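Pasting a structure here, questions to come.
Just so it is clear, A, B, C and D label the chains in written order, and each chain counts residues from 1 on its own.
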Amino acid sequence: MRYGFLGPETTFTHQALLQALAETPEEFAGTEPELVPFASVATATTDLLAGDIDALMAPIENSVEGGVSGTLDVLAATESITIVAEQVVPITFVLAARTAMDLAEVTTVSSHPHAQAQVQGWLRTNLPEANVAASSSTAAAARDLAAVSEQEAAGRAAVCSPLAAQHFGLQVLAEGIEDFEGAQTRFVLVTREGRIPARTGADKTTLVVQLPHNRSGALLEMLEMFSANGVNLSRIESRPIGDFLGRYSFSIDAEGHIEDRRVAAALRALHRVCPVVHYLGSYPRVDGQRPEFREDYGDDAYDQARDWVESLTSMVTRPDGNR
Amino acid sequence: MRYGFLGPETTFTHQALLQALAETPEEFAGTEPELVPFASVATATTDLLAGDIDALMAPIENSVEGGVSGTLDVLAATESITIVAEQVVPITFVLAARTAMDLAEVTTVSSHPHAQAQVQGWLRTNLPEANVAASSSTAAAARDLAAVSEQEAAGRAAVCSPLAAQHFGLQVLAEGIEDFEGAQTRFVLVTREGRIPARTGADKTTLVVQLPHNRSGALLEMLEMFSANGVNLSRIESRPIGDFLGRYSFSIDAEGHIEDRRVAAALRALHRVCPVVHYLGSYPRVDGQRPEFREDYGDDAYDQARDWVESLTSMVTRPDGNR
Amino acid sequence: MRYGFLGPETTFTHQALLQALAETPEEFAGTEPELVPFASVATATTDLLAGDIDALMAPIENSVEGGVSGTLDVLAATESITIVAEQVVPITFVLAARTAMDLAEVTTVSSHPHAQAQVQGWLRTNLPEANVAASSSTAAAARDLAAVSEQEAAGRAAVCSPLAAQHFGLQVLAEGIEDFEGAQTRFVLVTREGRIPARTGADKTTLVVQLPHNRSGALLEMLEMFSANGVNLSRIESRPIGDFLGRYSFSIDAEGHIEDRRVAAALRALHRVCPVVHYLGSYPRVDGQRPEFREDYGDDAYDQARDWVESLTSMVTRPDGNR
Amino acid sequence: MRYGFLGPETTFTHQALLQALAETPEEFAGTEPELVPFASVATATTDLLAGDIDALMAPIENSVEGGVSGTLDVLAATESITIVAEQVVPITFVLAARTAMDLAEVTTVSSHPHAQAQVQGWLRTNLPEANVAASSSTAAAARDLAAVSEQEAAGRAAVCSPLAAQHFGLQVLAEGIEDFEGAQTRFVLVTREGRIPARTGADKTTLVVQLPHNRSGALLEMLEMFSANGVNLSRIESRPIGDFLGRYSFSIDAEGHIEDRRVAAALRALHRVCPVVHYLGSYPRVDGQRPEFREDYGDDAYDQARDWVESLTSMVTRPDGNR
């Protein structure tokens, strides 16, 4: 099995993948999984569809920064893939340099813009004069800093994960520098379509839904379809469709599994009303939390209702006496 | 075939039944239908269930007086019956007496309370001094007046249908005396359960629904189930459940047939949520008016949505690899 | 003070009026109220508007029979009246005759159709052979039976209130003959418009609402306006508007007083959307039950919201710099 | 007047500000506006509140990339600011270098990540081998490229606006390289709180709303408040609140002005129900499009409803006879 992740090595995505492999040993028994870093979710997805890798770990939302557009847009645009698991990784950052130095000596800080956004308060307070340079990932910031000459490294620091600092042999100047303690990023494990994990009772279903654009109140109508079937949403993100301003699709996590009758009923209603409903998978929640719902949203209630209506329609008789 | 109707002879119900028999000759070809008057819908229903009659015509609503409680409550309380047709009869009344007389000579007017209610304005204006006496039907008022001695008939008049006046040989003192011109009564033809007429495309479905009594907003929730499936209601009547004040059931006519996917979907939702859903039948509308609804409420939309969800659930795989 | 009631004497309405006068002595201190029976709610209302009486007690709904059409329709059609109080009277019936006799000897039973409907089960079981005659009220049935000759009274019985039997000197053959134990009728005390009783915290508001007839989903929309303001309905009755089948107005009791901000907000919304909203009064509930609602439906929440929006609009500045 | 913009010079934000100044000459008559670039919306906002600048132009959403998190989050977190205008700028990119060269010679492309995302398809097709380097803005990419030595500039190109290429004297290697033709970015002009532009009839109102987190269906409830007052939303963006996964605020553009009664009514309802409603301003739409709404959502309908309810409550009378 080959697993792609948003690289380079030591990213939080790498950590999420390691975490997933550690948690589900039976699935990987007897196999030595191979981990493959990718420069972008888009290129990894291309390789996934081509069969070069078997699964792909990608960040989907961060508790501070919100949805990860790069992942959301690729998932929305790609047919024939399925999310089969999720992982949550606590996000903490260190400021690291080649050699120990006072903060006052730091003149340039490099990191990925998403990471910068999460430490900007700390930077403003502690390094108000430092230049901020963008790198393509926090891991790249650390790796690049480790690779330059000692001279070039003078006055430079990187915002990166503790793992990255350790892996690339950097000195930690400050740790826990994120503005919001307790920040987390959620990751999803994506495979080629074909197999949906069975219901555990504590599941999520991920969808991308496009609303009829010529009908005001369409978002309200979509939410009512979930509500009418007792399905809560744990995440809803608007993403532009891309053609012009004011046109959105919605990326949604619904509480429940497609095997839950209430989720299936909500999906049927969506399919009728929305021009695009892209089903991205049903998979176990990492927090194991089971949804609460009224008894009349249970499987039995749906099954009995279906049976009752079928027993009635079986009595419909054509004028010729046939049923 | 034996047909019951709310008697005695010459009631509007009688007229509705004659109208039904005239309109659907092919169903009655080769048979001489027998028409049987009943004193109440309740007793006729008992005979229907016992097999003594094959069908029953009963008034269900009047454009002025509203729902006919006696019929609504019997239909609500009776299992194993089905409405298979409806009829609408224009309601017009005459004031009739044994012999021609001036209105000033009329001292007592008898009629059924429902009829009185429909002519009360005319009575107040034209016969402000007359006593009003209740009879068990307008036909009974006419028949009884025809039966008393001439002496007893002095000063007495009956409010009845033109047909009744003619049939019982009474003189018409005034005609068209109803307060609301254009009043109509709707009647339903009830049979024993077992056969639902096939969909014509212009149909009604009649239900009695009891709401969960411990949940505020339950009526709103019920209406949303129809709305969410594009089903309009052409009639909704609250009727007390009878146990204490403030507890209602709702008698409903929905536009559409149980063979319409959108009606079936609404019924399934009702069955889940409401403690009692009593299906009373789907039958052709007498006005032939076809419902209008958005394309996403059409049969195809429901069928495609069902197929789509089924294609997804077929991919669910147990941990042992079975589907 | 002159109080009208739906007569004749000894009706349940009479009893409701006596009950109201006994319960609110301070309002009637120093005055000897005069009680005036009327033959119909319509005629009493005419006298109320003319100033001949000061208030009117009328039945509005029965726990078994439902809404009292005669009252509902007069209230709906009359401007310039206000409901200021309600009363609830337990409904129990006796079978009474001139002299004691076996049930087997009873050949004719007279009563008002509404009362008959409430004892029809008992009559079917105990007097299956007896003729049923309609009278204009249960009191009239008792009074008339007391008035005929002893010979005419043979075999005749009346279904009436215990009070009526006692008042007219009849013998009680059977008591508690109502089919549904615990039946109740609710009555309202109506005055000329001009004075609404102050809020007690446990109040009802009565309305008649006509829906826009050309818009499907109008009933749903109306209910959403109450729901959006946390207002529960304790009664909703459909009544035909009278012009043609399928056109209804709705008679509604909402939990709360027009002084409650949430009720006022719901009324404002109704007034915008519905072609007719007829406000019939806010008055204390006879059961003293206070409505439960979320904090954000409390007066403070509405007042603070209004103040907040006003503080914003005060910042709007015309191009000329004026506000 | 000093106007801040997200710099450096030649950004699309710069262009939006120039466009705004050109379109509304009368407001700036006799003054020579001073334009001040800022490194971030956060720092510009600090200066705005401190009085160092008078207004600030910032990007808020892009038709391809979606909401601009940096702006949305600063607006959401800042009290005492008001949006007074919007601008829309078409987004088109060029690939520019110091000297003309074949695409095959380009080894490194620098740009801002948002711009890269909008040209990534073109880059994959035309420069599949080139390294992609992040800069802090497209303008910075151009400026930096113009500033390095000719030797360092070899093989390097920048993705930037046509204006930036021209301004910094770069050669355009390819133009119109954006993946989605017709992409646009919307900008808002922000001032200190205190003055809201008067209603034009074609306005937008921008809000940030936080939902009660302990209530499922809260998003649905919020949307119903807009819907119940006939207010459409032209934009809705979820943004994390930042404390933990799954907690969002919503950034909303509603069609209409706070002077519109229907918008004011929706805001009042939001204020009651939502723990946080941050009003960010009402301002003219740049496209001049007037909202369509039913007559019962017009100002007159609201005013008449308010007057009607006030006329009723004026009749409420205390037990002591006072009103």
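By definition in this document, a residue touches a chain if its C-beta (ideal position, glycine included) is under 8 Å from a C-beta of that chain, and two chains touch if they have at least 3 such contacts.
Labels paired with UniProt names: A, B, C, D = Prephenate dehydratase.
Quick caveat: nothing in here was measured; it's all calculated off a predicted structure.
Here the chain-to-chain distance from subunit A to subunit D, counted in touching steps, is 1.
The distance from the centre of subunit A to the centre of subunit C, each centre being the mean of the chain's C-alpha atoms, comes to 59 Å. Rounded to whole angstrom, the centroid-to-centroid distance between subunit C and subunit D, based on C-alpha atoms, equals 57 Å.
Each of the following residues of subunit D touches two or more other chains: 224.
Contacting chain pairs in the structure are A-B, A-D, B-C, C-D. Listed in rising order, the residues of subunit C touching subunit B in the complex are 40, 42, 61-67, 69-70, 88, 112-113, 117, 120, 132-136, 180, 182-184, 186, 216-217, 219-220, 223-224, 227, 232-240, 242-248.
In the complex of the two chains, the subunit A residues touching subunit B come out as 82, 193-199, 224-225, 228, 258-259, 264, 267-269, 271-273, 279, 282, 296-297, 301-302, 304-306, 308-309, 312-313, 315-319.
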